[in-house]
Amino acid sequence: MVNLLDVRNLHVSYRGRKGDNPVVKGISFSLGQERLGIVGESGSGKSTIGRALLKLLPTARITAERMQFGETDLLSCREKEMLQVRGRRMSMILQDPKFSLNPVHRVGDQVAEAYRIHSGASRSAARQRTLEMLEAVQIRDPERVFKLYPHEVSGGMGQRIMIAMMLIPEPELIIADEPTSALDVTVRMQVLKILNDLVISKGIGLIMISHDLNLVRNFCDRVLVMRSGEFVEERQARDLMNAVHPYTRGLLAAQPHIGGDRRPLPVINRAVTTKAATVEGTP
Amino acid sequence: MTNVVLTERRYGPVVMAARRFAAVIGELLTNPTSAFGVIVVAILLFTALFAPLLASHDPNVVDLGNALSRPSSLHWFGTDELGRDVYSRLVYGTRISLTFIVIVSIIVGPVGLLVGTTAGYFGGWCDTVMMRITDIFLSFPSLILALAFVAALGAGLENAIVAIALTAWPPIARLARAETLTFRGADYIAASRMQGASALRIIVKSIMPMCLPSVLVRITLSMATVILTAAGLGFLGLGAQPPLPEWGAMMATGRRYMLDNWWLVAFPGGAILLVSLAFNLLGDGLRDVLDPKQK
Amino acid sequence: MTAIEIQDLSISLGLGMRSKPILGGVTLSVERGQSFGLVGESGSGKSTVLRCVARLLNAWDGRIAVNGKGVRETPQGEYCRTVQMVFQDPYGSLHPRQSIRTALQEPLRIQRMDRHQERMEQALIDVGLNPAFLQRYPHELSGGQRQRVAIARALILDPSVLLLDEPTSALDLSVQAEVLNLLSELRTRKGLTYLFVSHDLAVVDHMCDRLAVMQHGRIVEILDRAALATGQASDPYARELIRASVEYDEAV
């Protein structure tokens, strides 16, 4: 399997007043036509990876041995070349459609514009394609929804519109950064299923960034656990329950479950900063 | 389980405020334009404070034999039509400008803050009434209102100050109200309400401190306008009365002789320009330094 | 003894024909020392119910009684010392310009209580923080620490009822575990009554004995905790909500 994405020793740091502030500390991974989950808590640097790949961090220092996307070397790409990559070959679905859709334009126009920018099609062709795409994300009345403004659509529908917008140029890789955190539970499953089906049927690579272990466990093939800028574990998603690293085990144990006992949840000992975190139960 | 590695910090609020002030000044000095603002304003303050030491002559001494003499090593900025040293008059004039700025700010800041936060917090008819009053004051051009006021009460420094203050407070009130509307719904305000805090307590202790940065920036920017309006009134003979060395008044009298004696108008004009510009740049710089941290 | 009694709570926005119901006929009761969950999706009205009990919203119809006394008849001082609230966003619930000391001392000053220093230090110790935190400012604290301070602030007036509005939704998983443990322990130790709002059924299952499922401003069903594990609910929406959560959760 030819690797879609190959990253070696990626470092991302921000320049602070007291020197460099490293956020991603030398991570390496590769991605084929599969669904990869990157899971971690806030501050772990997981969202930074996605943005670094798309070079959406103008104030950060990004260095790596290798950042190869297909035939393109992302590391040496200048902004002009990145414009060809972003949206067309690699795109990103963000957390809250309220903030990622432009509030002054109709949603249909925004999706159609995404198509026109990358394909140069005519307005009517773009509109047709948009309607097809809206149907593909299971919006039942695409003609009506085309004319709506972002504030008139619900969270779940907004996120489906985002998916349509990001998939319409037929990219090779999608990065989904907390795509369902802002959605209700009943809607979450529906949106994820749609994304899942589209990604599998079109053979698109998916990187799912989330803090939610259940999410990546159910919807990804492979999971990378991230902590303080480094990967601490890599596992097949279906095998996540048998994780060996103490941090991963700590995260799994710290989650409350429906039908679980009501004993105090085990707490990760965060005073230890090395990779060998320990798990201790509270009295 | 707890993070016990804390350094004991025993500084009181005064020391913390002083440290914050020093930090702000430090940041302002890193940017060239705001550094210019800080330095010029500092020079203004210094000059006003030590005017007697910095002036070369007595600003009021009349020396008709020496009238309208060019800038020289004896009179650095020349002399005016009554033979008074222009440089010394400029130096003492900083005191008048500073008086305008300080007193106007002392009136305008608290009044605007009070009106704005009260209107914003209570909403309803209180908001409507206060904002319509603000609108009325806002609809007068400041110079015209100042003229009317001075015409009614007579020319003079004090009346000019009050007149300027009357037109300078509405923007502060508007700004404070807008900020209050943003902070009013915050959870910490709800928490205060649940603790039984009165509206006054919430406004003064919780809302006003959050509005302060924007209000401070706005007041700094309006100081530039205050200088210009004061100079305008002085120019029209309605502000500081002779023989006070007010810069606008100096320009008014100098106007008659300016074709042959450029220094009578150039130096006071330059001072007005410099100080006004400095406050504008300082205000801009302050906005960059203060605001991002709050948002 | 019933700690919280809500009968027929309703709120409508607007007038006449165009009035829009926000809450309709909400009825529930919570015994003393119990933990009662309010679950529902966004827009279901669960936080609105909490704000009515907290007296942050006052334009409601119906009856709310705490410890047998109607909330509208209770004087404010007494109410503050009976009912307190922990808010969702740890970054918004503490005043950014006030030190922790000020945040904890204000309620004591307003309610004219004595022994300020002692109470403040004890409040911090109760939530597992070092009393040296009094000197700190909110921006120097992590999300978990801020939420602990918020809990300390809520408990400093010694209330018997605590209203919790999604107290751990904005926290990391590991921090959530710590805060949930803390809340459980405090409830047992101080005999508190909790009204716990959450959209996460797993959290509600862990923390609450009974729960009400809300949708569109109405309670569709009141369940025992056991029903979450078995999925036995009569209302179809409640069933659907539980099913989606369990599917998402895949409990071990």
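Worth a mention:
Chains here go by letter, A, B and C, matching the order in which they are written, and residues are numbered from 1 within each.
In this text, contacts are C-beta pairs under 8 Å (C-beta built on N, C-alpha and C of every residue); 3 or more make two chains touch, one makes a residue touch a chain.
Predicted, not measured: the structure shown is a model, and the values here were computed from it.
Of all chains, the one whose mean C-alpha position sits at the greatest distance from that of chain B is A.
The count of contacting C-beta pairs peaks for the chain pair A-C. Chain C has its Cα centroid 32 Å from the Cα centroid of chain A. Rounded to a whole number, the gap between the C-alpha centres of chain A and chain B is 50 angstrom.
Spacing of chain B relative to chain C, judged by their CA centroids, is 47 angstrom. Chain C has residues 178 in contact with two or more other chains.
The set of chain A residues that touch two or more partner chains comprises 267, 282.
With touch defined as above, residues shared between interfaces to two or more other chains in chain B number as follows: 1, 3. Residue ranges of chain B in contact with chain C, taken from their complex: 1-4, 6, 8-10, 186-188, 190-197, 201, 205-206, 209-210, 294.
Residues 41-42, 143, 172-178, 180-181, 184-185, 199-203, 205-207, 228-229, 240-242, 244-252 of chain C touch chain A in their complex. Across the complex, chain C is touched by residues 41-42, 155, 184-189, 211, 213-215, 217-218, 241, 250-251, 254-260, 262, 264-268, 270, 282 of chain A. Residue ranges on chain C touching chain B, taken from their complex, read 54-56, 76-77, 80, 83-85, 87-89, 92-98, 106-107, 110-111, 128-130, 132-133, 135-136, 145, 150, 153-154, 157, 178.
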